[in-house]
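Here the chain labels run A, B, C and D in written order, and each chain numbers its own residues starting at 1.
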Amino acid sequence: MMIKTTLFAAAMGLLLGAPLQAAGTATVGQSPWGPQDELGALNLMTEASRAAILSRVSGGEAYDLSVEYFIGMPGWHAAGDPRYQMWMTHTPRGTVKSDPMHLGEEMNAHVSYTGSAISMYAHTGTHIDALNHFGLNGEIYNGFRADDHLGDTGWNVTGAETIPPIIARGVLIDVAGAKDLEMLPDNYRITRADLEETLAAQEVTLQKGDVVLIRTGRMAAYEDADAFMNAAPGLGMEAAAFLAEESGAMIVGADNLSFEAFPSEIEGNYVPVHTYLLAQQGVPIMELVYLEELAAQDIHEFAFIGGSLKLRGADAAPMRPIALPIK
Amino acid sequence: MMIKTTLFAAAMGLLLGAPLQAAGTATVGQSPWGPQDELGALNLMTEASRAAILSRVSGGEAYDLSVEYFIGMPGWHAAGDPRYQMWMTHTPRGTVKSDPMHLGEEMNAHVSYTGSAISMYAHTGTHIDALNHFGLNGEIYNGFRADDHLGDTGWNVTGAETIPPIIARGVLIDVAGAKDLEMLPDNYRITRADLEETLAAQEVTLQKGDVVLIRTGRMAAYEDADAFMNAAPGLGMEAAAFLAEESGAMIVGADNLSFEAFPSEIEGNYVPVHTYLLAQQGVPIMELVYLEELAAQDIHEFAFIGGSLKLRGADAAPMRPIALPIK
Amino acid sequence: MMIKTTLFAAAMGLLLGAPLQAAGTATVGQSPWGPQDELGALNLMTEASRAAILSRVSGGEAYDLSVEYFIGMPGWHAAGDPRYQMWMTHTPRGTVKSDPMHLGEEMNAHVSYTGSAISMYAHTGTHIDALNHFGLNGEIYNGFRADDHLGDTGWNVTGAETIPPIIARGVLIDVAGAKDLEMLPDNYRITRADLEETLAAQEVTLQKGDVVLIRTGRMAAYEDADAFMNAAPGLGMEAAAFLAEESGAMIVGADNLSFEAFPSEIEGNYVPVHTYLLAQQGVPIMELVYLEELAAQDIHEFAFIGGSLKLRGADAAPMRPIALPIK
Amino acid sequence: MMIKTTLFAAAMGLLLGAPLQAAGTATVGQSPWGPQDELGALNLMTEASRAAILSRVSGGEAYDLSVEYFIGMPGWHAAGDPRYQMWMTHTPRGTVKSDPMHLGEEMNAHVSYTGSAISMYAHTGTHIDALNHFGLNGEIYNGFRADDHLGDTGWNVTGAETIPPIIARGVLIDVAGAKDLEMLPDNYRITRADLEETLAAQEVTLQKGDVVLIRTGRMAAYEDADAFMNAAPGLGMEAAAFLAEESGAMIVGADNLSFEAFPSEIEGNYVPVHTYLLAQQGVPIMELVYLEELAAQDIHEFAFIGGSLKLRGADAAPMRPIALPIK
């Protein structure tokens, strides 16, 4: 494997047997699209690239790539973040008694009002990480410093509101399927070879600007949050480099939550695949992508269409993308 | 105007000069798709209908139909529902001090973690109302009773998770534009004639199964929540009936928040357009749809693609739809 | 043991070997203070009772009976309720960037603003349960029906706002201490005999109107939420009856979270001690009371002073009570 | 008036006609109790001071000094903080359908469970500000720097959990009452003379270590949040200095929300009374204290007893204090 950038070479120090001083020395990447750029790899999407994939859409099937949100759903809680909550603010019977708009009992009994509210960590359910989610040394991708750009309600650069609707070629790399496994083993770290072998078996070649979605099979445990979260398989650094640097992926995603495998391969960095992709390469990450139906139908190449919520300043946003079969 | 259904005729009693006893006598509609149906008009979407519109997509432009979410954004607060909130759960400097994962100062200083969380009323920003949002007399569309189907975390029928990804012909009815107004006047109630005249001026004809989006021009005030919410123009009952019953709209939406104009035309019902569309006709409503760019480009017919978050049991869900030009 | 009321006798059916049909037949109690009464045993507190205990206060020591609130603290999450959350809404550095009041960078840099927000299940930390927290067959204590009195924002009777500030004789029953244990064993069910023996050892006699606080020793595990919550020791039905019916306790509390021991002694009722005390006897329950210092000082009788937050309509409220030594 | 400290003299520059360069030059105070002190004026409370006031308690009346919490209650929202919310997580009917603990319909129908949750800005309802709430130039009282002590979940010094239960002499200064007004006029700025005249009329003298509570009469508007918040009367700088520096108040409070009058008297500081009291003098502030009954009974001197919730790291905490008449 030939790793192209020095950024990554430094980050990979530990894995490759380089001296320990390499650990923790990684720094954020500079965007080839200029010092003001907030999009990173999303710049690969153009009117032409969208036109290219849209012109290949075929038929009327649509695959839903999103999971459901419900109380007790899997989530990343190790750092104390709020779990998904949903509660009723108005119910047909309740409004008759609480009458929040002073309409009277008769009106409330006739007009049956249901309202609800939600709260969640931004990285909940099927979602995309904004580039500011993980940085290095107080900076995020393209050198924006937290001290200059982060306020109490988020970043004034690279916030989720800057992520455009995504229309791109999507590629499913069904690693679990290629290995004929329902689910990759606990803590399994997907290698570059796994990706290449799966692509070869699928007879699909990656192209620059793809949305690349990795299937670990973990989704089978989705309704059991503990089983889903515990010791999930995920990507390794080499595999990430293969996608971001060699293959030119615009977005990478997976059906698990952590995306990367733990424990970390890099000393001094507990989430090196995240910092590598987001902060060094400018490649957004999608997590909890529902890939089961695509896999069942052996659909490995498709039009990916999805828009994440425009949460101003946020470091991630939920989305409900779809896959459309192409010719 | 010839109103076709008795449901609507009863509901319209007051407006048409019928006796007052008609007020409050409306009842929910029964789905023509059967007693178990939870989708209502969404049944109009089929593989064939999706194929038809997708085959017309042309080029690579994509119009973002969603607004941004931010603290202080417009919202429906008259009944005490929570306003949009977004807060930081992790910041590069903060993690160094709070160290939520017990990683130590050095690790936190190197890996710059940003996390945030959100909370909101389900009907916030660009969103779609599920059919359970408004019912009549303790029932929702198709006769599902709250007493049978509503728990503390929502409905076990017609919840937002049942709404499929939407791929359909979209039609913009730019009422404000047709009247050469930046924004319809405060409290202006859009009539059937307004819709018909606008469609005629746009040279567009509605088709069964369309996503019909009405532009009032109110979006110009979006960054000023009070101005946006106060006395918004909206749809009247006649206009709603024209869309749902005569035209066969699958979804109706607008760029305002209340969708309908206030005060109500129907005695005993403070949101008759909502109950008419959702509970009597089974037609979901979209609100806060961003239509400014479509209007500016005179794009009145397009492929509408959007997926709302699959919030289990919920009465609405945020979404970020797009419009694709068609040939 | 002589159980006085038929209510309790029925509820205890299973335990006493009575036929199974007794299970689930319990009904709520009627207040001896009349059909409108919302206070239950809290009626035992009078100006005279307060004067009596206040006149015995001695010296200037004050014992803090409250635990700390922090992310990750123990809580009752089995039913999906939100965990304690606390987050920053304003920080000295953050306001300089986000400038939420449009004051400008210089002003924000000079005036260093810190703000935060919290959210929690009402039964979090040291708190008192209102009588509406658990009822039977759709009713709560004194026969108030949920269908008549419960709206979307709580009960219009017996809400936490109706609980007066508590000033009463407090009695610590240090069951763990009397057994010379740091902590009662997992799932240990405290018996009437345990209470009587401990009181005898402490040379304290209960009086009508007391706030009775049971020490299990579980507080030693407070900083480890899982250890605190798992298989906690708690009160049994007989012991509860001894306190409520024989001893005339006004409030009962403990240093654990569930108060009662699990599994339930009563078939068809998963929290029989709660329904017995709250719904049948009208006796509020306090949980997570910090009793370690009182126990360490062998203070078993004291003036209890505490006021719970007046959360309108709520079924519980946090509080921070104190104990004052008496002569 | 003789102002004692140079800190205050500098802060008062603008008011006193001093050159503009004085504006914004204030710095935080150093605690006379040493460089590690986190309590400031709360150090004035001792076992002896508590014993002194407790020994004067007389009779059995207790005055509730707390307001109710409800959706729509007054609150400080100018900076986007979350409004008070309360919602039901479990209801007797709802649990039958949602069955969150998998108990089955029969069990849920028998055991009628009510649960609720709350969220709020920490400065909601009757509450006390911790010393970290407002600082100057990135520091809080006693020179603790935000960069050293503030994490994503609050301050590791002077957090609300460090505030002890308060037992102290309380003094009501009923300014509105002394002026024979129901409520002080909008934006009225209470002067030192107002305080002195009221104290003289009440025949009460302040003592070091008092909890001093100012009545503006604004509480009469409590149920109308807009009326309550709009243009509230409040304290001026001179009056604050009289309380903190000349009179040695341990805590100062009022029945309004902003405590101080706006607009600010000090150029470059929008909340100078807050920064003066909290950051320069180390005196906590209480707001939204319910003083109506004390005023109605002409009780101007009493035992103040109250404990704020121990919210770890927080900048404020709700509390429900009481006043006990003294001899």
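Just so it is clear, a residue touches a chain if its C-beta (ideal position, glycine included) is under 8 Å from a C-beta of that chain, and two chains touch if they have at least 3 such contacts.
Computed from a prediction, not measured in an experiment: that's the story for all the values here.
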Q.
I want to confirm something about chain A and chain B. Since they are copies of the same sequence, is their interface symmetric in residue numbering (over half shared, so same) or not (under half, so different)?
A. same
Q | Inter-centroid spacing, chain B versus chain A (mean Cα positions, whole Å) | A | 27
Q: Measure off the straight-line distance from the CA centroid of chain B to the CA centroid of chain D, and report it in whole Å.
A: 43
Q. Of all residues in chain D, which are in touch with two or more distinct other chains?
A. 71, 80, 82, 85, 87-91, 93-94, 100, 117, 119, 147, 150, 152-153
(Q) Tell me the shape of the graph of touching chains, choosing from line, ring, star, complete and other. (A) complete
Q) Can you list the chain B residues touching chain C in their complex? A) 71, 80, 87-89, 93-94, 100, 117, 153
(Q) Under the definition above, what is the set of chain D residues touching chain C in their complex? (A) 24, 26, 46-52, 54-55, 57, 59-62, 64, 66-71, 78-82, 85-93, 100-101, 103, 106-107, 109-123, 125, 132-140, 146-147, 150, 152-155, 161, 164-165, 167, 268-271, 275, 279, 305-316, 318-322, 324
(Q) Taking the touch rule as given, give the residues of chain D at its contact with chain B in the complex, in rising order. (A) 71-72, 80, 82-83, 85, 88-91, 93-100, 119, 147-153, 156
